[in-house]
């Protein structure tokens, strides 16, 4: 069955190649711009979020370059001044969070793979899907416009009263975030309806792949939390325009109230970011271990648990911000509770590898990287959840390192792994495995060089969002900057060989990895309506047991 | 062991710092052990169970006992860590009753400290060793944050409200105060010097105002005093009339008082105006200026005079 | 392989169930019933997001009320209860006509469907008209949001710029304004389905748009049911 396939001959079991697939059935830019095919929309999202990632990444490299020395000089000239620097790190954060990470996996990979995994022809509301994409585009244009018209220097968190009184393009950026929020809401809405109503016959909730569970849990958060972000942005904009008196203390408002509103969304948002990443890992590990996933139900339940518990911990961003002492204690306790489901998943993935039959192609290398990097990210969260250590560490580089470990070392690494995993299905081509492994190593080493260093910077007292810094921190800053170059190189190489693979003919196997989920039961790339006829599920998920041959 | 701690953390300026460090280093140890365990498992499994064609893997779907163990044990650990952090934090949240209170006003982009006796400093703070000191803080504009890494304390400073932080310094010498909440262009320049003095040095500093003024020209120090001591509220420097006369171009002029007499605005006149403001009232102004006797050190007065001289 | 396929030909017209020949049938669904159920789930989820959107404003209002209890109490006396009550009755009535419209569509009564939808639209316009009078009155009196507030004769002095009256009216205009925008969108949706109903597009097999607009309209009504007592009635 599945086990015989991968290394011996990945093309065993290939279906006859159809004349047309979803990529070439219709041609011309108009057919793409008006498509309602979830696969084409997924591809467009992939290109779009990659562009956003590239822009956010350039800004990051600029931040690190500026911090190479305390004088901010490169070849004798000051690179950028403090005002510009403050805009650069704000935009880096805002672009990465709102234009890249939140829409990335749901919009691109989930959009493409979810209906296939369910044996469906499309998502529940294909036109709404396209609308989500166009809302993303509108939000992106608005965000770029804000860069042109003065940009924003408040930090991506827009804390008041600085954001209500500063003279720059806060209005445009809040509008961009509002629009992007609705893109996210509609995607979540679409996925929930799809999971409930469009599963193949024979597929109950506990027969669904874990990628679907993760996407479903994410969608719940998208739908429930994002409206609060929307209204927060509206209130911020109105405070700036009308001085309504909600956040600005000079007119009777409460600046800490903004932080509560903001983090009520933004904490669940980080689970919107990580759950899809974890969902990808739950696919890659059993496939490349050729072994059933350990603890399917635990992983499924923990995804939903994270989604719900994630709504109860927002106050851990406000431990020193002036919230009540009772709230502070409660939020710390709840934060520890939310750590458990993540740990459970990590152990389940490791247990899946135990006694597996493991090959280390690029997707699996990224999955193992995820395990290590997410472990560090999660463990450092403990330092921040404990009240006395948080007092020292909050608002320092320790936090910056922590969230980069979970968001980049977690989600982005999983995203890249997922892109490699489903690349043959999406494009019909195999990428270069050699370059994949080289780039993965560069990314892993570069990432750790850049960010492990920052834990030390933070615990030694270096605050975040600092343009100037004391000389004593310079060696660590320099090392972190060198790391960013290695990381950047690795990512650049990744983009290069992935794009290069598109020049080859589209002859990738239907199921190069021996996966057991339904997307592998159709040609690579798929036909426009995904399957010939309606597939019916006939086995448990992740079943790698050899099929017993029936007597003739 | 101290050398390991010092890789991660700054010097310990107080007993509380030592307490926080203990938890921190415990967490470092715990995280290292757990991380090595996870990394070892992943890498070992990847090698020990590497791909062999035709090998059949066991169909292990779950193991309830194991899953319960690895849910409950971390949960217990988390409970322990939570209480540990909570207990220490309780100490941080409640200042002892006998703590000396220092009023902190943060603004873009400087720190103003005011002692119980009313004397004020900017960007430099002296405290006596071994005695608790409590900071009652507010902002004049946006959010700031009072962070003293060596003391392991930090709290946001909020406009329109008062927040508090305290510590008992145990180590003599210089420590850093930094702003830890983004507040605009000068956020990373908003640093202050904390000096922990022995009793004698502290007393001397309270009496003579310390040495910070020596790092500025008299004119610059005067300009800073105008802001810090509140002169700017009533006296403009651009000629505009306020509650009090503008300082622009007054030095060396003849000024008419409300009793008709005229006086030369020179050093002595200015000195008298600061310390005995109602001795002479400029015509058409009210006798409302408070005396700055005791609030201005000699270097402050000299600086103000030099500054006013420079305003042609 | 791991799956097999059922021999359902998606292009089989006049075959299984009630799907193939209906022009509204979307082919990524297997049956019209599945399409209807799915669209309904989608609508309910959308309504949940609307509840959270308004919920944020309700929470904000509640917190500001706790901050300025006396000022808010005085400010709310400026609101015209009779007009608010009239609007409540109008909206409740329109919810009933909406239900009747859905029922008529479901039972193939084209004329009645159109009539009920048109009456619902008229109620919506009455609501907006009453709101126009209310807003004019506020504007005349200077009871405006934020720094536009210039009403005279308030009892409690404003200290340090903390104008609770202005904050009250900021929230009043924000929430009734956002609600009003939803009414306007509702009118557009109702007009659209009224036109489609008049064209005979709805029948007992396919009345989904009417049902969904109905759900939306009930939400808009329900939000008003919370707004009215909060602003007009609570002392």
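Points worth noting:
For clarity, chains are labelled A, B and C in written order, and residue numbers in each chain start from 1.
Convention: contacts are C-beta pairs under 8 Å (C-beta built on N, C-alpha and C of every residue); 3 or more make two chains touch, one makes a residue touch a chain.
Please read these numbers as outputs of a predicted model, since none were measured by experiment.
Of all chains displayed, A has the C-alpha centre closest to the centre of the whole protein C-alpha set. The chain with its Cα centre farthest from the Cα centre of chain C is B. Remark: chain A and chain B have CA centroids separated by 37 Å (rounded to whole angstrom). Look at where the CA atoms of chain A average out and do the same for chain C: the two points lie 34 Å apart.
Between chain B and chain C, the centres computed from C-alpha atoms are 51 Å apart. Multi-chain contact residues, meaning those touching two or more other chains, do not occur anywhere in chain B. Across the assembly, chain C contributes no residue that touches 2 or more other chains.
Multi-chain contact residues, meaning those touching two or more other chains, occur in chain A at positions 250, 254, 543. The touching residues of chain A, counted against chain B in their complex, run 3-4, 7-8, 82-83, 86, 153-155, 159-162, 165-166, 249-250, 254-256, 289-292, 294-298, 320-322, 325, 328-329, 332-333, 336-337, 339-340, 343-344, 346-348, 350-351, 353-360, 368, 371-372, 375-376, 379-380, 382-383, 385-392, 394-396, 456, 459-461, 463-470, 543-546. The touching residues of chain B, when paired with chain A in their complex, are 7-10, 19-20, 23-24, 27, 30-31, 34-35, 38-39, 41-43, 45-46, 49-63, 66-67, 70-71, 74-75, 78-79, 81-82, 84-89, 92-93, 141-143, 145, 147, 149-150, 152-156, 158-161, 163, 176, 178-189. Of all residues in chain A, only 2, 13, 119-126, 128, 185, 188-190, 192-193, 196-198, 200-201, 223-228, 230-232, 234-235, 238-239, 241-246, 250-254, 257, 261, 516, 518, 521, 529, 531-539, 543 touch chain C in the complex they form. By the touch criterion given at the top, residues 1-10, 26-30, 34, 37-39, 41-42, 45-46, 48-50, 52-57, 60, 63-64, 67-68, 145-148, 160-164, 166-167, 170-171, 174 of chain C touch chain A in their complex.
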